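Structures for review follow.
Shared chain: chain A. Partners: chain B in the first complex, chain C in the second.
Right, the complex of A and B next:
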């Protein structure tokens, strides 16, 4: 599976949403599932998927699907 | 306001998340919150009130803002990330509430207010949001206005409560629709309709199980049974927006149980007494006499509170209720004293207490 697929799958599993609920414009707090609690589950799913440990500041900055791609580059995860 | 807009809080929230994850999804001895009954006066007369507010019990005392400020500093040091301000009904005297919020320094905590919604109109919602409130919980008992109003002892309370939730959402805070569930309604169509309503309106549903405390002391038949609990888990999986303090909110399979939150969420009364939780009226200390850390360590030295319980002690554990919650006259203002009811064999001696070590290594 490519990093792109892993990243997308982490969103679906981390936020516990259906495939058809996913889109690349997802932003924090724009769907019920991506609230503060969902955010922690999403970060956890990403850490497990890419075997990384995200800094808290990056977790706070992780405001959207697109922004997340930029942040993951810091962890040598290219998407 | 979203939690991520309060980075100080978010760091503590992450520490809580990481602790729970490392601790097999259980809350262990991690402190998470303060439930503050700032003042017990209320405008409604709810049948199930656990603070005996309808009886006019201690409606005058208010915990002074200077003392709240001290507690908040101590709570922050302990890694506590959330406060639930409750009563009584705190919007009866909003200036006291706003003075208290200022004293707490809300940028350090995820702040929520539990209210009946009567006085929560659109301007008040804006003021609460500006004062740093992140979430407002409003209790609803039924989708039938007359049922709610009768239970709450005041006409029009349903309409105003429902309107309050909308004002909360419009002001950018997180609306929580709280439902008290007991054996009498857990599997009812009425509760099902409330769950639907909450989901449809993008609210979060918080389930509080009915407890035989306060006005309902000794009514143990109101407690949920195994079938009720299984049904609630089914609803949790179906709707995904339902929380209980007992459940692990981070579990995306919607099955995990954090464990009973006694001591993890300390309940502070207007007199400064600290109880194990809002419903377990057992006193651990007093904030005028001890630090929060001393009270917390004493609380976790009691095996019943320290050890994992997959049951809510006050709402699901009939043995606990029978043994510790049935004494006549017990209330939040006349609590039983932990030191009198838990003998040495029910305590962990200080030198055996690894909770502090565990806290620091897992935090």
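Right, the complex of A and C next:
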């Protein structure tokens, strides 16, 4: 799987949503599943998938699917 | 419209501003919020028209505050109904009215950012394993959002892996403690929970069961109030002593805050003082609502720069407290420091989650 696929898959699994509910415009607090609980499970899914450890600041700034790509660059994950 | 100063404040470390500097920026944002809520919340406008004037103030103490009880009786918000993403409630016991706080995306986001900024100043930016003295059921329900839920969820941003110490019926689960201890006790970790829960479900259980776990790597953060412990007459000092003697925990931070001003919490520093950050301020008033001098006990008035979606930026609480100092704490953090002294006599009793 490419990083792009892994990244998408982490959203689907981390937020426990169906594939057809996923889209690239997803933002924090705009769907029921991506609330503060969903957020932490999404963060764990990403950490496991890319074998990284996110800092608190990045967890707080991780506000959308798109923004997340920028953040992961800091951890040498190119998407 | 007032120029909003929040972005300037965001650029500063949370405890870096000295009183004079802070006050200028702070007052500006308060005037901005006064005007914002006056224009966007009709019930607030009525209250302000009735109580005083909507003119900008030159001193913080002249800004009109609302009694905190008001949030129990009125639904106050300054946003469109469809922009409400979260409604938080204080955890009143059955039969009590609860406060309702309405958040939009912007305010909810701001609360998280500021909470993170403040707490990081005490524990650093790395996320740590976290033992939560509560049951996982507390955070499971998506719809119910009590102050306890909000606190645990809010603090979860500092957690690497979360372990919930209590069973669903709030009983102590030694297996969980054992597992957590064997996995994480050799590295820095966090213990988090409500003040009364930590006392009743953790400290007391360790004592009763005669358990000796070395938890010296822990930083323990607790909040939510001492009210439930009043009958036990346990002081902050005794609480800390017990944690030290039972399991070697020496880093203990109480925090003070309320659901009406989530995010801009007051953390207790290493010197045992509660600290205002750049995002909050405190005034103490006597029984005639006049300002008290330093060291004088009175009612706590709290100001927060965060509430944009509801007019909770300036409230008179039902708690007693006293100012200790300004910019002079030996811990090095600037700003006002104070002590919270519990619920004012004869004040209407509220839930457990919003008093310290």
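Here is the rule we use: the second predicted complex is superposed on the first by the 79 of 79 C-alpha atoms of A that agree within 3 Å, B and C clash if a C-alpha of one lies under 4 Å from a C-alpha of the other, contacts with A are read in each partner's own complex, and residues count from 1 in each chain.
By definition in this document, a residue touches a chain if its C-beta (ideal position, glycine included) is under 8 Å from a C-beta of that chain, and two chains touch if they have at least 3 such contacts.
What you are looking at is a predicted structure, and each value in this text was computed from that prediction instead of being measured.
Legend: residue contacts after superposition of the two complexes on their common chain; A:55 is shown touching chain C, with no touch to chain B. With both structures placed on the common chain, the touch criterion links A:78 to neither chain B nor chain C.
Touch counts on chain A: comparing chain C and chain B, the chain ahead is B. Shared-chain residue A:16: touches chain B; no touch with chain C. In the superposed pair of complexes, A:63 makes contact with chain B and with chain C alike. By the touch criterion defined above, A:40 reaches both chain B and chain C. In the superposition on chain A, A:1 contacts neither chain B nor chain C.
Under the contact criterion defined above, the residues of chain A that touch both chain B in one complex and chain C in the other are 28-29, 32, 35-37, 40, 56-57, 59-60, 63. Of all the residues in chain A, the ones that touch chain B in their complex are 13-16, 28-29, 32-33, 35-37, 39-41, 44, 56-57, 59-60, 63.
Within the complex formed with chain A, the residues of chain B that make contact are 2-4, 7, 10-11, 13-14, 17, 21, 110, 174, 202, 204, 240-241, 249-250, 252, 254. Residue ranges of chain A in contact with chain C, taken from their complex: 28-30, 32, 35-37, 40, 53-57, 59-60, 63. Every residue of chain C that touches chain A in the complex is listed here, in rising order: 85-86, 105, 108-109, 112-113, 116, 120, 125-127, 139-140, 142, 153-154, 156-160, 162.
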